[in-house]
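Take a look at the structures listed below.
What follows is a pair of complexes built around chain A, which joins chain B in one and chain C in the other.
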Partner chain A sequence: MRVLKSVTAGSLESSDVLVTIMPLSEDRIEYDIESIVIKQYGRRIRKVTEDMVEIAKITGARIHVQDRGALECTLRARLETAIERSIAC
Partner chain B sequence: MSETFFGLEERILHTKDELAQREALLTSRGLTVPEGEELVLGLFDGEQLVATGALVRNVLQGIAVDMSHEGEGVAAAIVSSLIKRAVDRGITQIFLYTVSEDISRFENLGFSKVAAVPKGAALLEWGSAGIESYLSSLKALAEDKPDHAGAVVINCNPFTLGHRALIEYASSHVPWLYVLVVEEDRSLFPFRVRYRLVQEGVADLRNLTVMKGGPYIISSATFPTYFIRPDANEASQRAVRMHASLDVSIFRMHIAPALKVANRFVGTEPYCPTTSVYNEIMKIILQARETEAFGFDAKIPPVTVHEIPRFEIGGTPVSASKVRDMIREGNLSEVQKLVPKTTWDWLKSDEAVPVMERIRQSDSRH
Partner chain C sequence: MHSSCSPRDCDRKKYCVLSLQTVLAARELRWKNKKLLAESLAQKFPGHRLALAFCTLRMPASLRISNLYKEIVVQLRDVLAGALMDGAIQILDYGQEEYEDGPSAWLASDCDERILKRMAIAIEEGHALGSLVDIDVTDAKARLISRRDMGYAPRKCLVCDDEAAVCSAGQRHSLSEIEAHIEAIISDSMGQEAWDSHDGHKERD
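Up next is the complex of A and B:
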């Protein structure tokens, strides 16, 4: 499913994460992962993000994750919301 | 629509009273009210405004939090909300203006510094540095070009014999010349047309590259006041100086080294006060050998500014604003004397009809 529009979910508040999805003209996924705990959790955040994108089968998008120390369940919730919004007409 | 954050209510500020509260809050934090804002948000504790921030095109600015609510994540809430609204409008390259003392606050929120004037203004961008990828594209472009190149930055609204004379002079004084055309589409002649007329107007010159100015040269992020008719008041003049300093710092710190540019060429500015302030600041910042006061590394080489007297015809300086005035007055035979054949041909084409009509009806500075 192609990403249709630029959307966000979440926030930059402490213990939250801001997920932004932007359409790309090509059929690929670009990731940009930032976190205040990138050393400890950077790989895990990337894995969760890539898995959710794969399950949702979206393409043509830049996924920007700005983590402010969110729990994994928060990250999943934010990603799910952003993905839903990005493909809704 | 209102949302709450930890009991604070978010509102878009409209009323005189709300805007007055906001001005007081900005002033208490040493900030001034930004110009040309499109969306102003506030967070309220009851009736008291405790935080504010504004979105002006793609730039967040005027962000302030009341002392009593510092350190509670209120700034994060307001910045998140502004980003969300910008993204909803399809804006994805987002900038932020602040004062240089507050840079680290916003770096903690995922912004990275583009340029800062010590004890003055700072420009940050959202997410991982977009300027890095922009600079690598410049470096790739300049890789097989000579050192000690020159640059001109021009709007060309539209391309005149004055621009032609400046570029001709510059290209004969440097081994290679970069002609950067202001990309922001806020002039009467659309960027697409301005760019094409520059290309056509210099097609016979071999040692130059005409290129898009990009988001870091005279854009709504680096120099928003360039596109607004300036007020004579002091605050507005201060804003022009502040933006000009940032724009020129970015050129010296990032763009000139990437393109191996050691010379920048400008025409003297007889008409436009904003451009003449810009030229004056450019001479100071680009050529400074003592770099500490401007906040950049001493290793960054200076760029020599060559200010060339405006090209004149019959004792009158040729400028694009003159050309637009003549179009407005319906004086087309005079226009023909001030522009090269390439521009003249376009002005007479069908494609030009709506642009000419817009010029006749507008009193815009650009």
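Up next is the complex of A and C:
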């Protein structure tokens, strides 16, 4: 499924994460992962993000994750919402 | 675990009273409101350099909504207002709101956002109750100014000396442990209410 529009989900409050999805003209996925706890949880954040994007089968998008120390369930919920919003007509 | 959370997703068992959905919706609403507030203040006060400060409780959601600590956000917002007045910086507007995941108090000042952020950090670090609040500072476009941007170290955990974000993202401490530390901070603060904005020192009454 192609990403249709630029959307965000979440916030930059402490313990939250802001997920921004922007459409790309090519059929690929670009990731930009930032976190204040990148050293401790960076690999996990990347894995969860890539897995969820893969499961949702979206393409043609840049996924920008700005993590402010969110729990994994928060990251999953924000990604899910952002993906839903990005493919909604 | 909250009844509306699915067991597969929920790893908040330790602190859960509100559903994850409620907390996430409240955060997103607050985030959007910050932008709307900044826009409306920019229209209301043209020609002023707007900087905004938002004070919220820095503790798990179940404690934020407990009413026990509700006054702290207004109290510390007012400490910040006092520091601005001492520095002869104009306060353009202020207010407070109750969200589903806890209270929030804010003010808008006519100064460089970095000056306001420095004052906010001085309160977070130096006031007896400062460790119990987050004072987020934004510019006139609601862009957040981070400690990192300003060259400050990240905040310490309420319970141990590690970085707060690492402890909270990893849920390293139990709710009762956090609650005990909050109570200790509050009882230590009794009799230390006075705050000198000039040198940031606490004074005993």
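By definition in this document, the second predicted complex is superposed on the first by the 89 of 89 C-alpha atoms of A that agree within 3 Å, B and C clash if a C-alpha of one lies under 4 Å from a C-alpha of the other, contacts with A are read in each partner's own complex, and residues count from 1 in each chain.
One rule holds in what follows: a residue touches a chain if its C-beta (ideal position, glycine included) is under 8 Å from a C-beta of that chain, and two chains touch if they have at least 3 such contacts.
Since this is a predicted model, take the numbers as computed values, not measurements.
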Open item on the list: Tell me the contact category for A:Val7 with respect to chain B and chain C: first, second, both or neither.
Closed with: first
Open item on the list: Going by the contact rule set out at the top, does A:Asp32 touch chain B (first), chain C (second), both, or neither?
Closed with: first
Open item on the list: So in the superposed three-chain picture, is A:Tyr41 touching just chain B, just chain C, both, or none of them (first/second/both/neither)?
Closed with: second
Open item on the list: Touch test for A:Met22: chain B only (first), chain C only (second), both, or neither?
Closed with: first
- [ ] Kindly classify A:Ile55 by the partners it touches after superposition: chain B alone (first), chain C alone (second), both, or neither?
- [x] neither
Open item on the list: Taking the superposition on A as described, I'd like to know which of chain B and chain C A:Ala77 touches: first, second, both or neither.
Closed with: second
Open item on the list: With both complexes superposed on chain A, which partner does A:Gln66 reach: first (chain B), second (chain C), both or neither?
Closed with: first
Task: Shared chain A contacts, counted only where both chain B and chain C touch the same residue - done: 10-14, 36, 68
Open item on the list: If we count contacts the way the header does, which residues on chain A are in touch with chain B in the complex?
Closed with: 5-8, 10-14, 18, 20, 22, 32, 34, 36, 64, 66, 68
- [ ] Spell out the part of chain B that touches chain A in their complex, as residue ranges.
- [x] 5, 73, 76-77, 79-81, 83-84, 87-88, 90-92, 108-110, 127-128
Open item on the list: List the residues on chain A that touch chain C in their complex, please.
Closed with: 9-16, 36-37, 40-41, 68-74, 76-78
Open item on the list: Under the definition above, what is the set of chain C residues touching chain A in their complex?
Closed with: 5, 9-12, 20-21, 24, 27-28, 30-31, 56, 58, 134, 136, 144, 148, 154, 163-166, 168-171
